């Protein structure tokens, strides 16, 4: 895993590589699997909760926006770690992508009562590093 | 009303100027008001249905994407006509707008089973001319 | 939106009355479809005879349950959609995904 | 998602159990809130004691009904949200929109 932040190449352990049908039940299931895996690795509860929610959000976006909830489409979720406990999550969908820089800031006063538009913002708050690649249909996010 | 297509300036009759709270009940109500108004003007049923659905879609987008379903926000819907029966609808929301040119085509084979993403496309199919102005938070649409 | 559900020889027939559009109408139909499919019913006839219009959120909902019921060996079939509903489905390119019927008996029997 | 609704002196207390997130959980809570508010109940206490996490669609739902109940003289108040739920609400900037309580009695009484 090439840690973009520190520039080191580090040993990688592949923890999970899931492919789920694009429906919300699959999202919840996959997010739970990620959390369980982190539990087995004795990742502390707080970090687990944070990563679990970020995965939930990323998968939800992949399923809803990337696949339009079409269960015949597939979303991929990879979880990797390295010996020093860094966790990398990659979520990929077959959709059109989007330009994450253009999203409005949901924490602005006039947006606080909106009923959506918080997912990407929340992911950025929860994780230590977030990148959108391939025009936005792949998200890579790191928790140190 | 400056008809952008033909370049003529024509006499304008303001039929409606509604401001609705950003919630789905308001959308349905306003769309029905537009249809009723067109009925009173003896607009033929098919044209009424087409315009009514386009208004429904434009208002829905304004409420959902422009206002995030926050009922304290307001959406404006204007209906104008001229002596030769052209109908112009303007829907304005206070939101961030969007780039309509970047939307994926929902009629592509691989998108047919998506559960959203058809509103703008449908409006373009239903109406004779559609413009997004002010960065996308105002839509102007004509039916000849 | 008025929603009426009847079971006829293992097929669920859902009768709608009113515009199928964003808000209560789509929410209620979503809940009905969710309840039926959660209970194992995936063979569904949707009677649209009294539905004057279907908006894009209604189309999205029907298409979504068409996909998920088909994955489980069922389907969502349309009964007596209005001319305008058919035109709308055609305009967005999904008309051909559906089987469409004029008569309830024929729609129900088509599942066997 | 387990949803339990009780009425206590004109206040609806909704008890949730399980993650509040996209899919069934959010759909069911939306339906519950829709039914309550359609029936005129706009004073709502949401017991989150057994909700380990709330995702952005859950937040969107609660915030939406906070806005619509407030417009009608009511509110949605939160009872015993977990530390992580509070952290999540804070991260997206909506924590301050809500009144938060530790005890059901106090939450219910706060409406009078």
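In order of appearance the chains are A, B, C and D, and numbering begins at 1 in each one.
What we mean here is this: a contact is a pair of C-beta atoms (placed from the backbone, for glycine too) under 8 Å apart; a residue touches a chain by one contact, two chains touch by 3 or more.
Keep in mind the model is a prediction, meaning the values are calculated, not measured.
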Pair of chains joined by more contacts [C-beta pairs], A-C or B-C: B-C
Rounded Å distance, subunit C centre to subunit D centre (Cα mean): 32
Rounded Å distance, subunit A centre to subunit C centre (Cα mean): 34
Distance from the mean Cα position of subunit C to that of subunit B, given in whole angstrom: 26
Per-residue overlap in subunit D, given as positions that touch at least 2 other chains: 24, 60, 64, 67
Per-residue multi-chain contacts in subunit A, two or more chains: 23, 64, 68-70, 72, 113-117
Touch-based graph of the chains, sorted into line, ring, star, complete or other: complete
Complex interface listing, subunit A residues touching subunit C: 21, 23, 68-72
Footprint of subunit D on subunit C - complex, ascending: 24, 27, 30-31, 34
Subunit D to subunit A touching residues, read off their complex: 19, 21-25, 52-53, 55-57, 59-61, 63-64, 66-67, 84, 88, 91-94, 97
Subunit D-facing residues of subunit A, complex: 23-25, 27-28, 31, 46, 49, 52-53, 56-57, 60, 64, 106-107, 112-119, 121-122, 125-126
Subunit D residues within the subunit B interface of the complex: 60, 64, 67-68, 71
